[in-house]
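Labels run A, B, C, D and E following the written order; every chain starts at residue 1.
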Amino acid sequence: MQQSLLEMRHVEISYGGEPVVHDVNLVLKPGEILGVVGESGSGKSTLIKAAMGLLGNQGRITGGDILYKGNSLLHMKPEALRKMRGPEIAMVFQNCASSLCPIRRIGDQLFELMEQHNQRNREKVIDRALDLFEKMNLSDGRNILESYPFELSGGMNQRVGIVMAMMLKPALLFADEPTSALDVIVQAQVVKELMKLRDEFGTAIVIVTHNIGLVSYMADKAAVMYQGRLLEYGATKEIISNPQEAYTQRLIQAVPKIRRG
Amino acid sequence: MKKYIGRRLLQLIPIILGITFLSFALMQTAAGDAVDALYDNTSGGVSEQIKVEKRAELGLDKPFLVQYFNWLMDAVRGDMGVSYISKKQVFETFISKLPATIYLTLAAILVTVLVSIPLGILAAVKRNQFIDYFIRMMSFIGNSMPSFFISLLLIYVFALKLNILPVIGNSEGWKSIILPTLTLAIAMSSKYTRQVRAAVLEELNKDYVMGARARGIRESVIFYASVLKTAMLTIITLLALSIGSLLGGTAIIESIFMWDGVGKLAVDSITMRDYPMIQAYVIWMALIYVAVNLTTDILYHYLDPRIRILQEE
Amino acid sequence: DTTEKVFNYGTMAYGVAMGNAGLNPHEGYSGWSTVRYGVGETLFKFNASMELEPWLAKDYQQVNEYTVKINLRDDVFFSNGNKMTGEAVKVCLENLVTVHDRAPKDLQIKSIAAEGQSVTIVSENKVPGLVNYLADPYGAIIDMEAGVSEDKNVVGTGPYVAVKVSDTEIHLEANNKYWNGVPKVDKVNIKSISDGDTLTMALQSGEIDAAQGLPYASLKLFQNDDRYTISSTETSRVYQAALNYHSKMIQDSAVRKAMAMCTDKEGFTAVLLQGNGSPAVGPFPDNFKFGGNAVKEVPYDIEGAKEVLESAGWVDTDGDGIREKNGQKLSIDWLTYTSRQELPLLAESVQASYKKAGIEVKVNATDSYKDFLKAGKYDVFANAFVAAPTGDPQYYFTTHLVDGSDYNRGYYHNDKVEKWVEELRNEFDLNKRSNLAVKIVQQVLDDNAYIYASHLKMSFVMKKGITGFTAHPSDYYEITADLDKN
Amino acid sequence: MNTAVGQSVKMRSGHHQDYTLIKFYVLLTLVGGLLLIAAFAHRLVPFDPYAQDLSKALQPPSSAHWLGTDRYGRDMLSRVMMGAQSTIFTSLLLVGIISIIGTWIGVVCGYIGGKIDTFIMRVSDVFLAFPGMVFAIAVAGVLGGGIMNAVIALACISWPKYARLARGQVLSVKTMPYIAAAKMSGSGTLKVIFKHIIPNIIGTILVTATLDIGTMIMELAGLSFLGLGAMPPTAEWGSMMSNGRSMLQTSPWVILAPGCAIFISVMLFNLFGDTVRDLLDPRIIQRRGKGNETI
Amino acid sequence: MESVLEVKKINKSYMGRNRKVHAVKNVSFEIYEGECVGLVGESGCGKSTIAKMISRLESVDSGEIFLNGKDIADASGKTLREVYKSIQMVFQNPVESFNPRLKFGESIMEGMINHGVSRGEAKVKAGEYLKICGLPKEFAGRYPHQVSGGECQRASIARAIAVEPRLLICDEVTSALDVTVQAQIVKLMKELKEEMKMAYLFISHDIALVQEVCDRVLVMYNGQVIEDGSTDEIIQNPQNEYTKRLIDSIFEIAW
């Protein structure tokens, strides 16, 4: 049995004293893809933020533990945690354009990222970035480095976000609704690129989405959240074909099915 | 860039026409008969004949718009008429006093910037902590006192009780600028600190801050490289706007500290009903204000790629 | 002692607003600055009792009713070294009457002849006050050869020479060639400070050595403090109210009388001016022969005023405390301005005391009072005026009382007054002139055409060590060779 | 996405709103008290604020005259109370005028757009170009002193601010789907403006207006200082202060009493405006919640 | 069948940032009584613009729009009010489509009152329509921010059907909602289709959803209609390259 990469044990989270996540248990192995679905406000993003250590002042982990490669993330010093964000754990946002500073060039922000994690060789950084852009089906990488986020389309920004997350070859990638803001066609492209990453770098991915079809397409394991609780958790196939909880059943039924005759 | 500046300059034309027309109309109605006013201060009676001649000479018998046009043409050439009181060229008088006001304004802006930007940032960063409440309280207090009252208190403390600074402006070199500058800066910083705080807070709450954190960027780097840089754009615009209120605000302060600038000139001119002088003052201050705003816009345009690139297309 | 003595002087009285910016005596009121700050001197001057004395002149002879011959001192030099000769005086006076606005009318000069150290002036009409007029600051003798500089500086004969002249400041240096002694202070800096509080605090902080025109409220700060000395004098600046005869209400003599009776001059001077003024009876102060109590006025008597109004038919019928007659409210528009700090005070004081007698006063204190004057929109116009700048009464009468005179803001007319003023124009005998003046003023008071509230007491406040700096009733002489700083 | 925001506003703001609400009620009471004093000043004053008694001039605060007397022997407390009436109501009037006129202009410009909009906005550019106080001084100088002229002067320069604000608000509200929905319900232009646009922009305008009351008190004081404000003997704080200026050292109560009155009421109105804004603007509350997350 | 709406060669361009965007190019189609027509296509292809032009919220550059045989392309004032008796619209973002200062009841009543129904009657009817849309009539007293997104969307449907229009335009009515809620709304729409005999213009980018609701579908690309046919036909046999990609991009649950 492989060692677990990420493990959540009885995690409880509250915002300003109000509990929003209750007793969540998860285990993620290297290279595994976990799809998290659930109704809006059920605490999916909160869970990811908690693992990233980005809950903020109001948010508190009031119980349980989150382990990364066996070490508790909760008891880590802020600086140590910061150093992990990037090279070990990375994140892709729903709207990557707004997760970048609007008035700085993408290249500058990319160099800043690498510099902060002690990779100062510009040439190497550029080479790697261009390589990744290539993989992401973005041909004009140099041009993108010279661009500002607002100059790129939503799909391009999303892929830039993924490239930035992958620059340091993290072992774990959190993706919080990375494709919801995108067009169906572009969405399909981005999802395929994400899958490639796992295949090439062995990155484990936690992807939050509303699209059950997408989970069924890419995730090895699926988790269903409802009102702050982990309703169901297990192999994707298992859950989809044999949902135990009423909510999960409703969820799966709700997915419009295309009739191809 | 050049195209943009050109367009902005073109846009200024109606505004400048508006400014001059409004001022002209205002003073025209206020001053009543300019010739009467001109001879009012020569105590000897001046015959109607002379007045009629003078009116014709000044073109005051022409229709209003013609008068405005003539006046504007003169003004463009730097001839804004003669003071009713001193009988000197208005434009020359104004220009001779302008440096003092600019000097004072710049000093006040400098102090304001030096005080309120750090304080505003500090308050934003330490939001809802003691230091934030303290800074906000101070700015509330500074905001609630008329500037002439602040100046009296400052003079009382620094000139009378401590005796380290002079009361009267323009007298003891750099020392004499301190009190008027402080007075202006207190009022201005009180407003500006809050604006800086709000601007920085707004940026701190943007998604990209979270994004940078998720990429493991150091807080200090996030703050200086991204947040501050972005907030500065707002801060600069706000600064330009406050220059406007500052230009007007110097009038009272200059009168109190006997600072021999255009503000005092304006106040004196108003008490003396010296309409050509008031007119020159109003127009020029408006033009300076417009120029400052234009510069800021261009600067902003240059600094903010969102605007630069989108507008350049 | 090698250290330079510098005298810093802050004054409210200099500047464009006062109409006396610059030092060219031939322009407006700038002569006041020329003489006040010791740059220029006139042929004659006034002593402390406002009597004429020779200054640059040795003496004069009234040759006939139209001609006066003035003998000049022989030892006077302009600060540039040129000698003050009859010719120089002639050129100066000729320039005066060509360019000045008031002088030609005052002096009515037909011709001037110079001969050595004397000048002979022939006037168009009889001008009994000619010599007095020459003592007006516009009569300061300057070297026309040197002319007037761009910044309005001139070359005079006084103890000081201006090295810098601006609208707000004059820098003076001692005139080493001064004919009448050696100036004791090396440098004098005159600063125009138009804000009373700034002036006060500048004196307190020691930035200036002396101040003129402090607000009354501030004087208290220096009065019982032995670090300062105060020099005060009564001046002929009178605070007066002209009653507008064009106003229907004012034409009612009972109203005018009641108004006169309700003016609390004691309260005004003692409390509001804090003793820096004395109650006035007529336009001329006590130190004039024809001034002070030479004339009689109605006493302050509110009850009496009520009776006067009552018997004239002004009664309060609607119980609002204001009297009415024929449906018209006894409400008076009191026009005044604020650049003299005492005037709004007077207005407010009158407002309260008139109210007691049932007269409403609506104060319009505005610096655009000239517009209102022109429009005739006032019942009373209150102003400040230097009634006898030349020590002679005729000036006040010809400017305020006779038909069509410049400052007759009340449109006052009295045949008797017209006749007496005419007599005064032709009378050279000082005693007779004085008697005429008393008669005229009494008539004005009997008519209640003007209400004279107070005469200004002018004060210089200075640091202890300052000497030779005294307030003069004429308000002409400030910086002299006597000025010293220890 | 938006529903999520809507919900989270509700939940996150709860905590803050409690605190803000308490602050709001306290300030509301204080402002209300101030307005009551102003409204009934003529009944509440212990002495006639205009009755002179020169024998009692410049008395320091005592049990008879809590805030002393001025140089005419008038009771300062009565004058300060009476001053509340003229000062505060004048400022209210002024703010009322500019906010109503400005808002109307802004709404019309924003809603109708086109040439009228361009023209009026150019005009407001011109007014905005004049540095505020300067132009007010000039206008007041032209019109002459007097509190009503001061109001007109300040109104002249202040309306564009509201026009701009209202216009901006209208432009953003105009594109909201509920305006389209209202149009599709068959509502005419006036109905859309009155029922759907104005209620949704009025909050911002009101907050700005509340914050402006303090500013206007100060600007009126500034004009009074220059002799362009209230005429004597009107008890108005600004002119009381500038008239009492020279007595700062000899009879400080004469200037401190109206000075403190200005200080306190400006502060009150500003704090009140701030609190109302926090209360009305869900965006700020939401931002607050987020703000706590970030730093 | 009688056509409710006929759109003939309509065009629309916008002045984008210094650049002209031709948002809708020569689009023509017809909707018949009781028919449900889907409009699909990528974001920005001009779907909403068409909806806005039909509902006269946006002017038409050129072309004609016939409603019940009458050209409404330039309708305004009174005729426009008549148009809104026949056409109603449901918006993408339910919360934003309600005036936050009005209770649902007021918003629903507004249309009826404007069309001459008395206040009292409108109030009763508002309750009924809420019920039809699956909400208790007490919801009339709630504000938009007091309900969930799904409930809000139901209320907005209630508002739209309250004037009993002949054509209901639904512009991405489910995109802002949770999947489960989305299913409920779709169900409601299907029910209404049966009951009220309305024609629908159903705009969406989710072709599977369209297939569930619509009889016919128009595929748009870059301002033009590139395919038009019965839903099943197009999905099973897409002619256009773009349509194919669109269908391929759907992630289906792998059973």
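What we mean here is this: contacts are C-beta pairs under 8 Å (C-beta built on N, C-alpha and C of every residue); 3 or more make two chains touch, one makes a residue touch a chain.
All of these numbers come straight from a predicted model, not from anything done at the bench.
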Inset, instruction - Identify the chains in contact with chain B as well as chain E, in label order. - result: A, D
Legend entry - Interchain contact steps from chain A to chain E (minimum; 1 if touching): 1
Inset, instruction - Identify the chains in contact with chain B as well as chain C, in label order. - result: D
Legend entry - Chain whose mean Cα position lies farthest from chain D: A
Legend entry - Dominant chain pairing [most C-beta pairs in contact]: B-D
Legend entry - Centroid spacing, where centroids are CA-atom means, of chain B and chain D in whole angstrom: 22
Legend entry - Centre-of-Cα separation between chain E and chain C, whole angstrom: 88
Inset, instruction - Round to the nearest whole Å and give the separation of the Cα centres of chain A and chain B. - result: 51
Legend entry - Centre-of-Cα separation between chain E and chain D, whole angstrom: 45
Legend entry - Residues of chain C whose C-beta touches two or more other chains: 197, 338, 367-368, 371
Inset, instruction - Send over the residues of chain A in touch with two or more other chains. - result: 40, 54
Inset, instruction - Check each residue of chain E and list the ones that touch at least two other chains. - result: 149
Legend entry - Interface residues, chain C side, partner chain D - complex: 196-197, 200, 215, 217-218, 220-221, 264, 267, 270-272, 338, 344-345, 347-349, 351-353, 363-368, 371
Inset, instruction - Name, in rising order, each residue of chain A that touches chain E in their complex. - result: 39-40, 183-185, 187-188, 191, 210-214, 216-217, 237, 240-241, 247, 250-261
Legend entry - Touching residues (chain side chain D, partner chain E) in the complex: 1-3, 6-7, 9-10, 176-178, 180-187, 191, 195-196, 199-200
Legend entry - Residues of chain E touching chain A in the complex: 42-43, 149, 178-180, 182-183, 186, 205-209, 211-212, 232, 235-236, 245-255
Legend entry - Residue ranges of chain A in contact with chain B within the complex: 52, 54, 82-87, 90-91, 93, 95-96, 98-105, 109, 112-113, 116-117, 148, 150-151, 164-165
